[in-house]
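Two complexes are shown next, each including chain A; its partner changes from chain B in the first to chain C in the second.
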Partner chain A sequence: MMLLVYTLMSAVLVAVGIFGLASRGNAAKILISIELLSSGAVGLVFFPMLAISRSFVFSQSLMILFLSVDGVTLGITIAVLLMAVKRSETGDMNKLNELRG
Partner chain B sequence: MDSVWLIFLSPAIGSALSLILSPIKKRRIIEAIAVISSLISVFTSAELFFLRAPLLNSPAFIQMLSGPIAPVLMVDKLSALMSFVVALVSFLIVVYSIGYMGEDPSYIRYYSLIQLFIAGMLGLVLSGSFLYLYLFWEVVGLCSCLLIAHWYEKPEASRAGVKAFIVTRFGDVMLLTAISLIYLQVGDLRYDVVSLHLGSLPSSFISMTMLLSLGGAFGKSAQVPLHVWLPDAMEGPTSVSALIHAATMVKAGVYLVARLVTLSLEYGSVDIVALSGFSQVLLWIGSITAFLAATMALVTYDIKRVLAYSTISQLGYMFAGLGAFSSVPFSEAIFSSMLHLTSHAFFKALLFMGAGAVIHATGTRDMREMGGLRRSMPITSTAFLLGAIALSGIPPMNGFFSKDAIMEVVMSASPFIYTLLLITAVLTPFYIFRAVLMTFFGEQKRHAHEASISMTLPMIILAASCFITPSITSFMLENNPLAGFSVDITTALFSISAVLLSLVLFYLSYWRGLRLELAFARKILEKGYYFDDLYIRVLMPVFRTVMSGISWGVDRVLDALSYRIADQANRFGNFLREIHTGMISHYVAAFSLGLIILLAMALGVMLT
Partner chain C sequence: MLLDDVISVVIFLSAFSTGLYSITTEKPVRSIMAAGAALWLVSLAYWHLGSFSLALMQLSIAVGALVIIGLSSVQSFEEKIVRGDVAAVLAATLVVLLTPWVLALRFYEDITTSINVNLSSYFPVFVLIHGLLILAGSIVAVLLVRGWRE
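Take a look at the complex of A and B:
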């Protein structure tokens, strides 16, 4: 029962992340949205797996792996966004549309 | 690998090497490459000519790879003779170029192209299949065009190069058609296979193909009505005129006809009746060209154009001699023509070299501004005079024997053609001695000095060889070095009296003031019988009208179709461009939508 609640929570996190990405243009808000999206996605994978596999150790170690990969991607994301902000001298990512067709 | 390959590969390699070594900008090195590569050709072709070819009873085929389009060479007496003459004259002219082109800044292009030309010409005469014949045919045509336009800063020169290319193209298209027809009928282009099958083909097909390939020969060898490019080609360097437009390339047409005759009659078994139209066309076009060109040479003041018209006229003799093959044994016709071809290659190269030396010294081509050069240029004037004597057909020079051989076979073919050629033989000494008189005698108008050793030495060699060239040809074709010197008393007497008549007329008109008031004729002759005007005023507008009609049709149908298709592609691209906004939110919304669709599909699959 609790697992279902956690899974639903994760789905809510994903939905909020996607909404944030779709509606906000500011670099900091995009960063927060990405973070929400990725942690929600990790939960969305982890909790159902826990229910199916019943092997707590395996699922837990997988979770730790996902979280650390998530941390690394966050670092890269921050770096990219910082560079973008520095280059464009604006926090609005929608202004960065130089590659538009 | 057979040493025969080396004959034409060595100038080809030399040509590439001159281009590769061009960054070092050392004139001596480029010249040395040209001399060495053409010298290798001389040695290898001399070996082929003197040592190997006389032992051949049937043509030898030398193949590099196997298969129907593999490179193949054919060595028989004809190709051995031609390759030796071409290699020897080419070598002498390369040596001459060292002096003549001594100050030219674009010497690398010159030597590279001239070696490519030598390679192409040797490949043309040695190739053993129509495919390679045509390939090399185009190589020499291209080199000719580019070398005529060597001084492309002069608008006349580049125009003359283009003209030469376009006019010969008319003939080349006919030749290509003939070759394609042969391929369609026989399924192979190698000479041995073709000659084997020629006998069994219908005679109408044979005469049609032969006449079509004559178009190619007449274009390359500047016969009426495709002769108009050769006088203009004199805009090129004189060494090029000597090599390409006197000694070698213009002989390619004669060689082609001789080759076709040997393929169909000697190696194949074609009924000679099928070739009667072919021989008539050769006789008529050859003799008419000989006569018309000789008359045009009478009035021009450009020393090189005199020689150019004279070349056209002498090529007419060769074609007429070949055309006699249906009336006399064909080997005699080919022998007479080849005899004259060899003689002409030597004495006309000599005349051009002399003219080049004169032009180099005086800086003009107009004979009215020369005169009296006999004293300041003794070697050149002696050599030129010897060449003139050979061209006029005065014994004991080679021109007499070779022209006499042609007269002999033509006399048995047709008395009318014979008369026409005899009249031409009266005109020939007249125009060439007119050039000698205007250039080397009389009062000196410009300061000049004798040419350098690299220019005089080839002239001396050529002048000396003008006494013996008949024996080269007879050694090869008749196995008897003296056959070329045998003369028929009747025709010889006629020829000599023609020369004497000409000299008498010459004396009368230049020393006794005999003036024929022929202003009208003179105008026609100076205009070259209005051939150029016919092409430019009449044929070109017609051609242009037809072509613009075709181009209108192409615009309306084909272009419209392709534009329609391109428009649609463009519109679709524009639609795709619209949705790439560069806004992150749009992309996220799009891929969320995609995610939802995918999930719904997965759910649908799971539920069913």
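Take a look at the complex of A and C:
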């Protein structure tokens, strides 16, 4: 029951993250959405894996790797978005159209 | 229904509501605080399942990322920070910083048993130092971003 509920929680966080990415244009909201999405995704892998494999050490080690990669990715994303905000002088990501076409 | 199941349902509902609120609200500080709460709840879920290391890593990423996102977005969008916001951020930082320390202090034996490693009795102090280092690193990163922008 516990693992099922936590798997649902992770799925909901992924859904909220995707909703935020799809519907918001603000740079800070996009970063928050990415953070929620990645945390939900890690949980969505960890909790079912724990239920299926029953190997706590293996699941935990793999998730530590995923979380580390997640942290690095987030750092790079923050740097890119801050650079984009600085160049465009607006927080609205919908106005960035340099990659259009 | 067991107590553990009730706790997991409460954590699920709280994470869902705070996560959704953080995306839908228009107030920047509330949005970041709510996202922090959602990530803190995910960390509590890991703790509830007995994975202290995952809980700590989740908290580290949450604190580091949200402090940087919060302060740099305030700097980028020229938002005014009022006194209540500062108090709320301070309270949240203290909660995130002190929770792992208190839990490590309280559940030291359980952690040692679950990971099957004989940890030093200074382990809770190291956890606290770890949190302080993350906080210091985040503040330095924000100051660098500010300096870079100016």
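The criterion applied here is as follows: the second predicted complex is superposed on the first by the 101 of 101 C-alpha atoms of A that agree within 3 Å, B and C clash if a C-alpha of one lies under 4 Å from a C-alpha of the other, contacts with A are read in each partner's own complex, and residues count from 1 in each chain.
We take it that a residue touches a chain if its C-beta (ideal position, glycine included) is under 8 Å from a C-beta of that chain, and two chains touch if they have at least 3 such contacts.
All values reported here derive from a predicted model rather than from experimental measurement.
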item	value
Chain A: partner with more touched residues, chain B or chain C	C
First, second, both or neither for A:Met93, with chain B first and chain C second	first
Partner chain in contact with A:Ile64 - chain B first, chain C second, else both or neither	second
Which of chain B and chain C A:Ile78 touches, first, second, both or neither	second
Partner chain in contact with A:Leu44 - chain B first, chain C second, else both or neither	neither
Touching partner for A:Gly25 - first (chain B), second (chain C), both, neither	first
On chain A, positions contacted by chain B and by chain C	23-24
Complex contact set, residues of chain B against chain A	576-577, 580-585, 588-589, 592
Chain B-facing residues of chain A, complex	18, 21-25, 30, 93-94, 96-101
Partner chain C, residues of chain A touching it in the complex	1-3, 5-6, 8-10, 12-13, 16-17, 19-20, 23-24, 27-29, 31-33, 35-36, 39-40, 43, 46-47, 50, 56, 60, 63-64, 67-68, 70-71, 74, 78, 82, 85-86, 91
Contacting residues of chain C [partner chain A, same complex]	1-2, 4-5, 8-9, 11-12, 15-16, 19-20, 22-23, 28, 31-32, 35, 38-39, 42, 45-46, 48-51, 53-54, 57-58, 60-62, 64-66, 68-70, 72-73, 76-77, 145, 149
